[in-house]
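Letters A, B, C and D mark the chains in the order given here, with residues in each chain numbered from 1 onward.
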Amino acid sequence: MSSELGNNIKVSIFGQSHAEAIGVTVDGLPAGEAVDLDRLQAFLQRRAPGRLDVSTPRKEEDRPHILCGVLNGRTCGAPLAAVIENANTRSQDYEQLKDIPRPGHADYTAQVRYQGFQDVRGGGHFSGRLTAPLCVAGGICLQILERRGIEIAAHIRSAAGAEDRPFRELGEDPETLEELRRSPFPTLDQKAGENMRREICRAREQGDSVGGVVECIIQGLPAGLGSGMFGGMDSRLAAAVFGIPAVKGVEFGAGFEAARLRGSENNDPYRVEDGRVTAGRNRAGGILGGITTGMPLLFRAAFKPTPSIGKEQDSVSLSAGEGRKLVVHGRHDPCIVPRAVPVVEAVAAILTLDALLDPPAVLPGRLRRGGEKNGDRDT
Amino acid sequence: MSSELGNNIKVSIFGQSHAEAIGVTVDGLPAGEAVDLDRLQAFLQRRAPGRLDVSTPRKEEDRPHILCGVLNGRTCGAPLAAVIENANTRSQDYEQLKDIPRPGHADYTAQVRYQGFQDVRGGGHFSGRLTAPLCVAGGICLQILERRGIEIAAHIRSAAGAEDRPFRELGEDPETLEELRRSPFPTLDQKAGENMRREICRAREQGDSVGGVVECIIQGLPAGLGSGMFGGMDSRLAAAVFGIPAVKGVEFGAGFEAARLRGSENNDPYRVEDGRVTAGRNRAGGILGGITTGMPLLFRAAFKPTPSIGKEQDSVSLSAGEGRKLVVHGRHDPCIVPRAVPVVEAVAAILTLDALLDPPAVLPGRLRRGGEKNGDRDT
Amino acid sequence: MSSELGNNIKVSIFGQSHAEAIGVTVDGLPAGEAVDLDRLQAFLQRRAPGRLDVSTPRKEEDRPHILCGVLNGRTCGAPLAAVIENANTRSQDYEQLKDIPRPGHADYTAQVRYQGFQDVRGGGHFSGRLTAPLCVAGGICLQILERRGIEIAAHIRSAAGAEDRPFRELGEDPETLEELRRSPFPTLDQKAGENMRREICRAREQGDSVGGVVECIIQGLPAGLGSGMFGGMDSRLAAAVFGIPAVKGVEFGAGFEAARLRGSENNDPYRVEDGRVTAGRNRAGGILGGITTGMPLLFRAAFKPTPSIGKEQDSVSLSAGEGRKLVVHGRHDPCIVPRAVPVVEAVAAILTLDALLDPPAVLPGRLRRGGEKNGDRDT
Amino acid sequence: MSSELGNNIKVSIFGQSHAEAIGVTVDGLPAGEAVDLDRLQAFLQRRAPGRLDVSTPRKEEDRPHILCGVLNGRTCGAPLAAVIENANTRSQDYEQLKDIPRPGHADYTAQVRYQGFQDVRGGGHFSGRLTAPLCVAGGICLQILERRGIEIAAHIRSAAGAEDRPFRELGEDPETLEELRRSPFPTLDQKAGENMRREICRAREQGDSVGGVVECIIQGLPAGLGSGMFGGMDSRLAAAVFGIPAVKGVEFGAGFEAARLRGSENNDPYRVEDGRVTAGRNRAGGILGGITTGMPLLFRAAFKPTPSIGKEQDSVSLSAGEGRKLVVHGRHDPCIVPRAVPVVEAVAAILTLDALLDPPAVLPGRLRRGGEKNGDRDT
């Protein structure tokens, strides 16, 4: 029950970091949607390790193999399944972790929950590697959304204490978003990116790691998506984003800052522009009462620093019941935030498509008789 | 699909602010659990309006009437249903809002989604009043948890910019938590509370409103609760907390601050204490890999300022398609944060009990033959 | 988790036979749908006890009180909640059943599962009385469907061994269905109905009871509803129908008879009629591969004889661990089948509306921008 | 949403008959369970085509490749994924079916629903071939259940009009069940099996096909499993069994026959035997009020005759909108019932394990503190 996402499309992630393979099934994807494998691969490349001087030297092809659900380049209505082989694994690095858990990792909690049966190699099912199949699902959803004018992009809002400028509340122009997608270290302000990278390198040199904040924007969303209370876009997105390993906080629009504002500062006054209802600012982050306003949906996710650090740490031997010094070996990112950027976009894409597939809040008076106009295609 | 919470217990909220009644059904509550109605009422009183100089003068009894699911003072295994009548409604205050939506409210998004059929009176189903039945469900769950040594409490971490001290990461003593529960304006530091109240009053005098942050602690949780990815305690709790109206951010443990820390500062080093594995600090907020560590679970929720303010605001007439000045009448809290405190506790209690009812991660080798020892009760 | 039905609309039943009330919440009903309370009441009357010489003399008003979810006679998008008070209860009839379970009832299994905490009065949550709120939900769904040209009706296909003629596979004319709905003992062949009633009376005189089969037809369904495997209309309908107390079998189209046919007899050959694809017969019962064909959907449900009989039966004392003779007192239908007819229709209506609200299998290329044409209503 | 099964364990089937592969993911399997691949293969062999003179000559290895979720021969708590390659496909047989649908198949309904994007080759996702991964999931569940004394077996109750004797209501001895599992054409009465095979061959010679009924028994179940209304074991099992292609009816215990019995004949009188509550007969099929009684759970599923027959049939050209004669080529079973036997067992195993993992109806008073006794294993 742990690895499934979505109400209308069901994204189900499988695999362990050092199992034979990792992968994903997506049930409920609309049929007839073109899947561009090259663009999907390019999207996955953004998450892949080894692309940056600031990430882990482990290199994986991360090339998904689509087993079913796509026919002649289009989704066919049957569940899609995609598999990524785990080629480049070095399992010997992880042997001791079952007894001496790494601080900040799931080693200890998994041991308690699964009573020693869990796969500890590379973090097992808790590894950040599981975000690769999530990106396969998300990358396909992104293509479906883009054809309908919905754009999703994210950047590194902050890392190691250095800050990028925030997204403009009223939206960014498409070129800016496209540039972010092309960048291996996506920031809106290049200078900010350089500061971040310098800080990340410094931490790595000291055998340490840093965290950061990813900010995501969804543009072109229709108003009226999502519903009240626990069906809200914020509820659903937050649940999904907290499913990404290392996320410790999620906020929408003004977020925690809203708690420091007055109502007169935080309310977005409405106005009419080109015959459409809009607002002059977007503190709400595009969501009111759980429902989209039609303005850009904006949210941020806080990532903790990579728990695997080179420095010696205090841990315990679970079998001996006493303290142990621990030095974590293996290959690790000093900061996973740059690679988390497409993962956040992927999750946003899945949840956005999922919400688009929600049952209608008002049912049309006249039903379309299936079969009347055979072969009728809207796409 | 909007108003339901939980995987194992299903909490379903119904009602509109000015409908005949609001209420809740809870399906899947364990049988045999005593329900103390006086304690439940006392818990609800903490959320009730009109208790504070800083809240709305609308007074409601908020007395839930349990229709079924309880027999001789104990849950009987059948769904519990409870109803609260809406007595003190003044619907005429809300007539114009269907055409001229209040900034910061769900008026506009509900209008788009429900195409004019929604109940706008008092915010309808989007009203904060719907947190009363949520507290009925949560209050019952709290009683079930307390009998098993699990304690939940929350305080106002900040309001109107004034700050209370945070909860101690390693836990608070029971008396402190009990004191918070007794206080109409629960802060750990009395002075901080006074500052907050002063600021809230000032905002009200200016026809404005303020927001704040509620911090919640869950103590006595067993380690090993929740599971990876989207089954994590953080995912599940966050989805629920964002279902509370006005929440714009949720964070666990160090939260957004973790993004500014180094791994060596954010990892909680393990140690053995009295034969148990624990840690000297709790930046993780009691969750690693989505699974509880056995240390206190700590999270914070950011509430935006009440959108209903006395000041004149810019809005639009949806029918005329042009701008309008709007002054919101009616009775409103200048700050809903004090009343949100028990609501956060309620949600935490529901989700905690829900997680306790998760299927076991490891199945016992020998099944209990139901019927062998009839009448065998563990409670 | 036990008392909830539906994927898109969530029908949640609550109450025990002798609790203060029984009721239902329906989350996810489309907004803007007129609810005709008189027609709803007329529908409920068909299920109500005491209407027939062959049913229990217990009389209940079964008048649902709608607490919320309906505004000015139309659904408003918020969950609908309806309550029926339990007025006419005689709980003393049931005292001994906790120790000496009635054969054929849930007394024993509920005792094992709920360890004595369950409400045994009148069967508690397992009572057939819980079908009244199910009919409230179903009756509202029926009105929504009828406005869209979908008609649902059922009849007593057999009772006490006497048989009515089956529904015509290609559909019945509306007058026939209307007549069934008006009849207190709905059969297509009046003579068959008289035979059944005679047999039922004979069984009652002998302190015994009888079962029967209800057949249901859904006409006017579009083709293309439902999906493969576990999303099939048959899977979903069967799960719901088995939720009605006393159902022991469900079959679609030719059903168990299909197992005795050859492929050449059971396949429905296609033909074109008035430009539409149809078939000259309907052994499939309107479902192929879980998806509706556009022909009438036909299914039957087998109801066991009422387990409460006047004859002395063998049971056991659970406390003493030895045999006991049992004579069941109280008021009971010698045959619940006539009253089950509208319940089957109700369940069919809920599941049909639920399927109509399924996400589209093919997503339109152009999204409707919510908010562009405000107030646009399709109903 | 169509291809997923289970509340606590989530079985998700993927693949099309002629896609590169078919497979299954199982999320929520308890950790620490041994998976015997040889026994799993032997179980799958029972479903595999080409094993009998009465089945299709298409031969497939049906050798599942487990990608993850199993470590050192035991489940590790992470989702299990298994893939079966589709080697022996002859897709040219199916080209015309998109325009001229086969009667009795999902060709037409899938065309309406998926608007021509569906994979028609070999029936696509609607193919009986998808029951192979279902058997992978079920075969693993069977092993878990057997270790806990729960046995599941099925036989051909009838085929082509010839009848086997029914299972004994009070249970069969283990040897009988083991013999059924070893038989390629499992009947309790050998003579009956011979009659069936003769009739099946006769139908095949005439270019026709036949259906049949599979009966399944679950022995060793604890009493108290499942819950009322829509959470009943019957509801949940029926939904799953109707997900098997070609099933048109499901009944429990006396089933449709119960509708012809009197209460005094259908009620199972209780008695005490060896200190346990039991009954002298089992018309209920082991379920009362949706909850298991502790007696054998018995159900039957009716399979329609294979729709693919050699005889010429009437169909239509969807593009031309007029009638066409159709002769179905390809390799097809004249009767799929023998191969359906392990599929029914598989579904029963999945749903039984799923119910065993239901939340407890009564919560223990004292919680097990995870982490107190590390490494404590119950299996």
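Heads up, the rule we're going with is that contacts are C-beta pairs under 8 Å (C-beta built on N, C-alpha and C of every residue); 3 or more make two chains touch, one makes a residue touch a chain.
This structure is a prediction, so every number in the text was calculated from the model and none was measured.
Traced through touching neighbours, the fewest hops from subunit B to subunit C number 1. The chain with its CA mean position farthest from that of subunit C is A. Subunit A and subunit C have Cα centroids lying 43 Å from one another.
The mean-CA centres of subunit A and subunit D are about 37 angstrom from one another, to the nearest whole unit. Centre-to-centre separation of subunit C and subunit D, using mean CA positions: 26 Å.
Chain contacts: subunit B has residues 1-4, 8, 13, 28, 31-32, 77-78, 108, 110, 112-115, 117, 125, 223-225, 228, 277, 292, 294, 318, 358-359, 361-362, 370-371, 374, 377 touching two or more partner chains. Contact residues on subunit D toward subunit C in their complex (touch as defined above): 1-5, 7, 13, 101-106, 108-110, 112-115, 117, 125-126, 130, 158-159, 161, 203, 208-213, 223-224, 227-232, 234-236, 238-240, 242-243, 245, 247-256, 258-272, 275, 277, 279-280, 283-285, 287-294, 302-309, 311, 313-316, 318, 321-323, 358-359, 361-362. Residue ranges on subunit A touching subunit C, taken from their complex, read 8-9, 28, 30-33, 77-78, 144, 147-150, 222-225, 228, 276-277, 292, 294, 356-372, 374, 377-379. Residues of subunit B that touch subunit C in their complex: 1-4, 8, 10, 12-16, 19-23, 25, 27-28, 31-32, 67-69, 71, 74-81, 83, 108, 110-119, 124-125, 318-319, 370-371, 374-377.
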